[in-house]
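Next up: the structures, one after another.
Shared between the two complexes below is chain A, which pairs with chain B and chain C, respectively.
Up next, the complex of A and B:
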């Protein structure tokens, strides 16, 4: 048994938008799968901890229970969903599938519903797009169709895993504003996963930072951006090119991210951390503790100023 | 038609370099023929000076990768020619490949470090192979040079003995750079080199590219859809849209006073703005 997430914490209120940021292998996608009950399909499971949705405990719930939640209560846009449409089926067939998975609509009603959904995600000429297959659509259009399928049953929560990663910047901008508009129109909460802190800062109220399977910092976007309280969050910010001065080196995090199966003992970030000392190497991965307006898993959270010179 | 405004054209003239190291003159690339024909690149003029870093920005389908492939000799232009140190080395209308004596001078690294390395070769072998091809050295020496190159890119001897699959995306991309540097080229074309690696690895790679540019006087053509990266790394930039270069000039000028609507759209789309 190989731990891929250990010590991840995330909570959000109704209608709130929370971002999860972290690098590949940090456990972002696994956490999403835990939240929609699909870990078993990927040969994984929840060993400890709880998943509560609307007051209901879902960790270890049978598939029968999850079927009533997934799609209906929690919409999900999987990572690389650009490849998520079946190439041989029309958009209509696939959209109608996600609508009638629960309902008992006639074919005619379902089609009307599908058109309405496509219009909801601002797809022009919805009738024509219904007849199209995925290769006839641009990346941005395909992502809109995936969003339409995810919101088909009016979920209370939408989980979007890297929804704009493979898209051009101009299309990314369109998709992000679409997601924001839909959230308001449908009163949805949102969990947005991204490796790009700038994307999350644009769309979310709160953010949770993951490193090597653990939550290392969480709190309001503004607080983490102004005064990060974990060295890793700070590093993610200062290594960004949009803040860099041309001609000067970027402040890169030394070394490589700890990969699954070879997490260091102690705090998992210590080999790359300038604040690390004996305690960081010796003790286990610290839990999130409140500091300022946020939560931090760094035992030296109050010494962050030392990193700025 | 290249949609340059007169002001942008003036600026292009003004900023053009007189004696470029590598130059693409009136490059057009058309795929297919007749009604199916697609102009991937239309009459593009690009140039890079020795030790200079220039950017080519645009979205998918803008023609930036096709243009880069012409410059390294992987794609024959339908019209125009590539010049290196003032000499035409690759042009439309002939069957000749870019001559081997010139090919080593321009090397390229690709977007996807997962598919650009042979999974069955150990990391050092992938680099030693390039050293052998370009420098015709005996095996032991090629291996020594490969390890030296890899070390300079921050890849340890231990990592060099691994297969690419056990390296992270950032490490693999640094291996690609080592491989590209094997012939000691004069120009490195980097096609979206950071788009599939993590942010902390991105900063390491960018620092590395900057160091190579200053220490080896390596010219760099940096292809990206990310204007933030281009702003940080380059001093001149070409903006491409649907096969045309729509704006060109000093990076600072183009980003601060964009003349073309498309450039403005790209700038406004940067997350966090």
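Up next, the complex of A and C:
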């Protein structure tokens, strides 16, 4: 058995937006899959811990229970919008499927509902798009359709796994602002996964930073971006392209991300960390401890100032 | 913008060919022409000719030459080819050297038997491979999946002339559910004679098709859109048909078109084992007798059939999977 995530804690209220940030391989997507109960499809499972939604325990719940949750209570926008639509079916077929999963609508009503959904995600010429198949739509359009399908049943929570990664920059902004608007209109909580801290800052209230299967820092977005208390969070922040100074080398995190199955002993970030010392190598992965307005899993959280030199 | 009536004939033809289906059809015609050339050349590559075989060892050189002229196979290869093509263009396939019967009427008599064998076989292939492939994909991690994997390999590796004989022993001799050999025309009575030969061929075809379908479904099932459908709450037949089966069918249907073609070659062995008076048996005899016109006719016409079948498979695919629409 291979551990993929061993320390992650996430809780959110209705209307709250939480971001999960980290490099690829840090366990973000697996965490999302655990939250919608499709881990077994990927040959994985929850060994310990709980997943609770509205007071209902979902970890290890039977498929029958999950069916009542997925789509209806928790909407999901998959990682790759380009592959999220069935290539042989029209947009209409797939949207109508989402709509008719709850309640009993006639075909005509479901169709009207589908048009309304597409308008809700700001798709012009909705009638035409309904008749289209995936390969006839642009990346941005496909992602809008995926969002429409995710909100079709009026979920209380929307999970978006890297919703803008496959899109070009201008479309990214539109999609992000669409998600923000819909969240307010429909009164949904949001979990947004991204490897880009800037995206999280734009949309979320709180953020959880993941590294090698563990959350290393968590707290309000503003606090983490102003004064990070974990060297990894700081590294993510300074390596942002939009903060680059022309003429200067972009700061990159030295080394490679620890991959599943080969986590180093001690704090998993130490091989790439400037603050690392004997204690970091010796002790096991530290737990999150409160410091300032956030939680940090760094035993040297007080020494963060040293990194600014 | 040019209208359809302008431009030279060549221009207009080229523009027409840009229409996908027409271009595919033109390709089919080209393949048919190549078939004609192959049918002509292949049989002439075999040493010996009909005149020598018919007249026997004792014939004199003059006799053979005179007889060749009589049979219409004298002159150089190019001049023979020219005659052959111009006759074909007029729909004249010639006369069998052995029986003096028109090639077309022989084919008309024999081809239906082979066609029925093909149709029965392919129908059976679909009937067997579809549930088998789906089950093998869904239960691939259970004992069934492993048993299927091993069983399929064993069946595919078994030669049809062997499995055919075993099946005859079992179904015709032991439990008398099928005739040992022979044929009677007319549907549905002919199915009584055809089901065992079809099953024999399916000992090879069905496992292969099921394997193709299985691996496509397994591949499809890891697609993001499948996960998205599960999360949307799609269930039951809708889920299996729309999200697993339909997006996985393209390779299977393409293979099916190709299989229909291979049944024609299986027919040669199978028709001999089961003594079916089909085109395969006729072809073997014709080659043995160097019956040039008959070999040419059979190879060309059954080849044409194969081209037609593959073309149909493409059309069906385009309808089922818009990505695969003929371009």
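Everything below uses one rule, namely that the second predicted complex is superposed on the first by the 309 of 309 C-alpha atoms of A that agree within 3 Å, B and C clash if a C-alpha of one lies under 4 Å from a C-alpha of the other, contacts with A are read in each partner's own complex, and residues count from 1 in each chain.
Simple rule for what comes next: a contact is a pair of C-beta atoms (placed from the backbone, for glycine too) under 8 Å apart; a residue touches a chain by one contact, two chains touch by 3 or more.
The structure displayed is predicted, hence computed values, not measured ones.
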Clash-or-fit label for the pair chain B, chain C on chain A: fit
A:78 touches, of chain B and chain C: first, second, both or neither? second
Which of chain B and chain C A:229 touches, first, second, both or neither: neither
First (chain B), second (chain C), both or neither touched by A:135: second
Which of chain B and chain C A:259 touches, first, second, both or neither: first
Partner chain(s) touched by A:120 [first = chain B, second = chain C, both, neither]: neither
Touching partner for A:67 - first (chain B), second (chain C), both, neither: second
Partner chain in contact with A:41 - chain B first, chain C second, else both or neither: second
First, second, both or neither for A:242, with chain B first and chain C second: first
Vertex chain A, arms to chain B and chain C (CA centres, degrees, nearest 10): 70
Touching partner for A:144 - first (chain B), second (chain C), both, neither: neither
Minimal inter-chain CA distance - chain C and chain B, angstrom: 7
Doubly contacted chain A residues - partners chain C and chain B: none
Contacting residues of chain C [partner chain A, same complex]: 223-225, 227-235, 238, 242-243, 246-247, 320-323
Chain A-facing residues of chain B, complex: 59-60, 168-171, 198-204, 206-207, 210, 225-229, 231-233, 251, 265-266, 268-272
Footprint of chain B on chain A - complex, ascending: 23-24, 139, 168-173, 176, 195-199, 201-202, 235-236, 239-242, 244, 246, 249-253, 256-257, 259
Residues of chain A touching chain C in the complex: 36, 38, 41, 67, 70-72, 75-76, 78-80, 83-89, 93-94, 97-98, 101-102, 133, 135, 146, 149-150, 152-153
